[in-house]
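Below is a structure I'd like to ask you about.
Chains: A, B, C and D, in written order; residue numbering restarts at 1 for each.
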Amino acid sequence: MASLSAEERSALQDAVHRLLAERCTEADVRATMETPEGYDPDLWARLSEMGLPGLLIAEAHGGSGAGPLELEAIMEEAGAALLCSPLLASGVIAATLLAALGDEAANARLLPAVASGDAIATVALTGDKGAWTAGGVDVTASPTPDGWVLDGAAAHVLHAQNADILLALAHTAAGLDVFEVDPTAQGLTIEPAPTFDHTLRLARLTFTAVPAQRLEASGPVWDAVQAALDMALVALAGEQAGATRRCLDFTVDYANTRIQFGRPIGGFQAIKHMAADLLLEAESATSAARNAAARLAEGSPDAPAAISLAAFACADAFVTTTAASIQMHGGIAFTWAHPAHLYLRRARADAQLFGTPGFHRERYLQQLGA
Amino acid sequence: MTEQTDAQLRDEVTAWLAAHWSPERRGDKTWLAEVVAAGWAVPRWSVDWFGRELADPQARIIERAFTEAAAPGSGQDRTNLWANTLLAKGTEPLKAQLVGPLLRGEVGMCLLYSEPGAGSDLAGIRTRADNQGDRYIVNGQKVWTSTAANADYGMLIARTDWDVPKHRGISFFFCPMKQPGVEVRPLRQITNESFFNEVFLTDVEIPADNLLGREGEGWGVLQTALAYERSVMGEMARGPRSGVKDATAEEPLIALAREAGVLADPVLRQQIAQAIAYKRLNALNTARAKADLAQGSSSSIMSLGKLAMSRILHEEARVRTAILGAESLYEGKDHPRAEDANFLTLNAYFTSIGGGTDQIQRNIIGERVLGLPKEPELDRDIPFRDVRTQGG
Amino acid sequence: MASLSAEERSALQDAVHRLLAERCTEADVRATMETPEGYDPDLWARLSEMGLPGLLIAEAHGGSGAGPLELEAIMEEAGAALLCSPLLASGVIAATLLAALGDEAANARLLPAVASGDAIATVALTGDKGAWTAGGVDVTASPTPDGWVLDGAAAHVLHAQNADILLALAHTAAGLDVFEVDPTAQGLTIEPAPTFDHTLRLARLTFTAVPAQRLEASGPVWDAVQAALDMALVALAGEQAGATRRCLDFTVDYANTRIQFGRPIGGFQAIKHMAADLLLEAESATSAARNAAARLAEGSPDAPAAISLAAFACADAFVTTTAASIQMHGGIAFTWAHPAHLYLRRARADAQLFGTPGFHRERYLQQLGA
Amino acid sequence: MTEQTDAQLRDEVTAWLAAHWSPERRGDKTWLAEVVAAGWAVPRWSVDWFGRELADPQARIIERAFTEAAAPGSGQDRTNLWANTLLAKGTEPLKAQLVGPLLRGEVGMCLLYSEPGAGSDLAGIRTRADNQGDRYIVNGQKVWTSTAANADYGMLIARTDWDVPKHRGISFFFCPMKQPGVEVRPLRQITNESFFNEVFLTDVEIPADNLLGREGEGWGVLQTALAYERSVMGEMARGPRSGVKDATAEEPLIALAREAGVLADPVLRQQIAQAIAYKRLNALNTARAKADLAQGSSSSIMSLGKLAMSRILHEEARVRTAILGAESLYEGKDHPRAEDANFLTLNAYFTSIGGGTDQIQRNIIGERVLGLPKEPELDRDIPFRDVRTQGG
């Protein structure tokens, strides 16, 4: 995977930062999160022009062939701004899964539209329990004279309600496989589920004899799924780190300006010391996210450990920081109109997607040989 | 009224309740008036003010009889914040006008204390009340006011003197709410409810008789009112009168984990046990404090209850989330368990911020209970108009 | 079990308080903890005159027939003063075990000397792992023509190096039994083990064909052992609560008198807020310990839950408070000469005896039906 | 000395090391003198002071060559706290007397900063130095002094003026330690070691030439010295030069749990993973800070390291204890694992208290990194003799 130079990466990050500062303000986020689709098509088009959906897609398929380092950098910006978008579903998970599976015909057919942002792709990865393992898949695929059909249910599927391209994991008699399904197929229902994090779009899918096309795999299918999950975790870690930092920043700003007892509340040790502890959380999250991206980019054998470390460190940092932020603000942050709870909601969602912090602590220890 | 023995009193109230009360009268608006007229509402108070001038033990006999009959309205000399405050600090005309109606539940009330700029630092209020002789003109903004929409009066603190230190320029009013300058706006909370309101006051008029205590001495009146409020909340916090019991019904966290199929998870089990323990320890603390108080010795434990409750609520919400895992991603009626966990996560701040943040509570405990020194107060001894209000 | 009246109990507690204030000062504790026996025989005699070793022993056997409430009250005093004594081993565990077993002949022979304090008794309850369950016992008893002999090892035995009366749990073919062993018997070695808490005396015992006398049991043996463990846990909870409170008190005193930056350090929120949190710990520990004693005294079915709750709540409160105390004192408490570390050492020991906090959290949940 | 290319310099130092250094010379007291004489000890310094006036990149070439040869003595212009402080602030006679010997390791040194009454508040020192013209007479008590028993000099702060605010009346000295009025008493620590000493100073004489900076400006000199100290400790904290690696050798906590037979315990596994994570995250933070610094941008992360290390040490000790269970009851050579866990439990306070408590570190991070306001300082602008020193 070709990476950008540090300067190019920095320029891309700056461009995303500027775009989001202008087009993804708090008011924009609040407006977008109330829409059914849960993302702003105009902003998505602008992000697509900048190449974000195709960031990880090979140049041969219309992408820019960049990698985890670039992804992590822009996700820090996306997280800071609470960007509502199908980028994670489409440009990260679906794109990585397709590339890792290596079905060249399917890739030639699907990836260019994903790269351009014209199509939104998503993957049904797991069942209701949200166990991000092969055992967590609750869809089975059966061969019929007319091809494969899928039965079962999938849950927590990102942006399925907006998907043009739908991939699903399913068990066959021979093992796990990835199938392409027409989102409008008979027998498929896509129920949008109301999320506590209003900036997130999830759906539950039920399959009843849904016709599907099996994708060829050039290697073990779970390896490809794990590659997609690992890339998603790097993206999420970047989002968490960026959002943690932004939340800390506006909290510190408030502590510097809010006067009680004749002085800024940030002068009181109760607030100051919480802020200091949160800075350690935020910096650690940033370090962990960037390290995970770097290890994955260089294909290090340490990458899985680095990714799990980032997964739980960033999730915990984000939840801890946003929870403390509300307390530090006091009453003002108990109002809907204040942004702190939007960050807490995102933090709680991010701590569940692709495995809880406890799941990743366990995985980390296993990666360390224990 | 001649002195009665305890037995006589018990007989009298029991007979009266038997003659007058029946469960169908719950919600009957005339009931409270009868209780007040019979002298059962505020038995500790003077006969002039609907009472019987009884000492506490006899008043408790009456309350107990009402409790046993499940009849409301007694014990208001302990629990009716509004009437107690008014009786203690009000002018004669205002008392004559409102004490009776307050006891009879005919007057809607609300609290107009907090302001956007005066939360932890309540004495920093900037709502102004200008003395115009027979009335005050009030301008300002209040917040975190519940029941404001239906209130007839609000207990209001406002600044009447800007040239003295902050605690000394505050006055306390019964502010009439049904007038044009009062605008009540529901405040949407992070829980997506609107339990509280913002109240905007524009040239609101308050008759001079509605001042409680003297002008400039409102901070003291407020402390009286807050003490009543705390004592009522303390009563309520003391749990069932039958005393503290060890668990009988299944603990909600255990039931939730069982339902979610994760009760066997050893990591969750530790967290569940600890969360239940926090709750149980607070109940034990409260029971001990109550026993201390019953023996006449003061207890420092009560002051810990709010801080403990904050930990209990945040921790229980955290463990619920851990039990639910990915299910906690959702909200709405199809996901009641997630709805609970997410609501409780947010609503825990009602306790850890509202009524004095945990940080303020720790100050209070450290200073008043443990006797540690107060912090330097930069704004204590300077005229309020010189107090810093802008940051940055 | 006959309890004292509240006034009698209070008078006893006051008397213990006064005696310890005079005879169990920090200097006394430091002197005693350096002796091999680890307790002050003169002070033990004074405590015996007050009836402490016989507190739980029936009047028929020379005790005062009091119960958990009295025990908990005096243990608060003992904990506050860091009393070094064999009271827990002899007057609590051995006395309760004997009474609960109900071997009347043995009790008539052994308990009077325990009650008077003339003999020190102890029980070998568990093996090296320190699992306070029947499965944790590593001693086996075999019948021989000349009577029973014991083989195996026991660890963490309180004051075995000072014991006149030694009881040991051992497995027989039929199940668990309690045996009386001559502490000077052939084949028995009692190795004192150096403890991190210097105020504590523990020994490891090895048995090689040690002659032993089986005690009769009027009911299931483990029930009697559990009764002894429960009584020990109530005693320990009282000790922990009392010590937690004392440690908090001297820490608050220091915070009120130590001046830095021109004012007492207790005026800084960093210290003040830690102290407030510790007060909650200390009060909760006291409530838990007293509740456990009350439930046990009344024979409530809730007693096991109350005891487990006290076990982990008091252990955690004591460790948390002593650990924070050192931090709040700063450098002065990093010196051997300062008492804070003595309390931390005791706290760490108490958190291990008769089950860790984690063990008791699990037991608590089981008692709640989970 | 003419300018050299990097390659020339590299060749020269490599050749010199090849000619002079061999591992057997480790511990050879004459080695440092040769390094100093050859100009390798302090290459950034002026030729007058044993240096070569090289810029940092070339100095690093020399240090790298020494590191590769495992030869000590180079880079002292970065790491020799004593010589750096003396060169920056000392009088000409004192520099002439001691800079060379300090670089050659011929002078034992110690720090005489903290006092029993001046810990967190170091500027509150009460050791006095009275100016007698050609010398100062010092009386007072210092504490937390390591290596005092063998020291020839101590870097001392003492109060020379009691009539100005506390920071302005302090002076900084090289105090000769080998004289009768200096009494060094080992201080037994809670770990049962005596790494530190108390130092009692009674009519101790210091030549006037041993004053660093001007009288009354010692606080500034101290800041210079502390900055050197921090930068040296920061260097050391940066971990292996080969960069941060993911775990290769087994983590000690994993090894311990494996040995104790409890590695399968799910509750312990979570705790072990988290404790390792704290350590690893700090290493990643430090590596990132180093990269920032290498790019010339300053980094705020370094200031977090001490606070992070405190958490790492306390948490690791806690998890060790949980792994060992009842075994942690013991100490001594028969219980090495317990000895470790217990020692680490106590010694963690060395980091969380020593060199500025965690609480002081949080103040520093909050104020200097995050830009939050300082607290009111009651003793800042008043003469030191009026500062409160007694509590109660």
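One rule holds in what follows: a residue touches a chain if its C-beta (ideal position, glycine included) is under 8 Å from a C-beta of that chain, and two chains touch if they have at least 3 such contacts.
Since the model is a prediction, treat every value here as computed from it, not as a measurement.
Asks: When the contacting C-beta pairs are counted for B-C and for A-C, which pair yields the higher total?
Replies: The comparison resolves to B-C.
Asks: Among the chains here, which has the CA centroid at the largest distance from subunit D's centroid?
Replies: B
Asks: Report the inter-chain centroid distance for subunit B and subunit D in whole angstrom, where each centroid is the mean of the CA atoms.
Replies: 54
Asks: Subunit A to subunit B: how many Å between their CA centres?
Replies: The mean C-alpha positions of subunit A and subunit B differ by 44 Å.
Asks: With centres defined as the mean C-alpha position, give me the subunit A-subunit C separation in Å.
Replies: It comes to 53 Å between the two C-alpha centres.
Asks: Pull out every residue in subunit B that's touching 2 or more other chains.
Replies: Correct list: 266-267, 270, 359, 362, 375-376, 378.
Asks: Provide the list of subunit C residues touching at least two other chains, using ranges where the numbers run on.
Replies: Answer for subunit C, listing residues that touch two or more other chains: 256, 263-264, 268-271, 273, 358.
Asks: Show which residues of subunit C lie in contact with subunit D when the two form their complex.
Replies: Per the touch definition, subunit C meets subunit D at residues 128-130, 155-156, 193-197, 200, 202, 256-265, 268, 270-271, 323, 326-327, 330-338, 340-341, 344, 348-349, 352-353, 356, 358.
Asks: Would you mind writing out the residues of subunit D in touch with subunit B in their complex?
Replies: The touching residues are 265-267, 270, 376, 378.
Asks: What does subunit B use to touch subunit C in their complex?
Replies: 245-247, 250-251, 254, 257-258, 263, 266, 269-270, 272-274, 276-277, 280-282, 284-285, 287-288, 300-301, 304, 307-308, 359, 361-363, 365-367, 369-376
Asks: In the complex formed with subunit A, which residues of subunit C make contact?
Replies: Result: residues 268-270, 273 of subunit C touch subunit A.
Asks: Help me check something: in the complex, which residues belonging to subunit B touch subunit A?
Replies: 114, 116-121, 124, 143-144, 187-190, 192, 267, 314, 321-322, 325-332, 334-335, 338, 342, 345-346, 349-350, 352-354, 357-359, 362, 375, 377-379, 387-392
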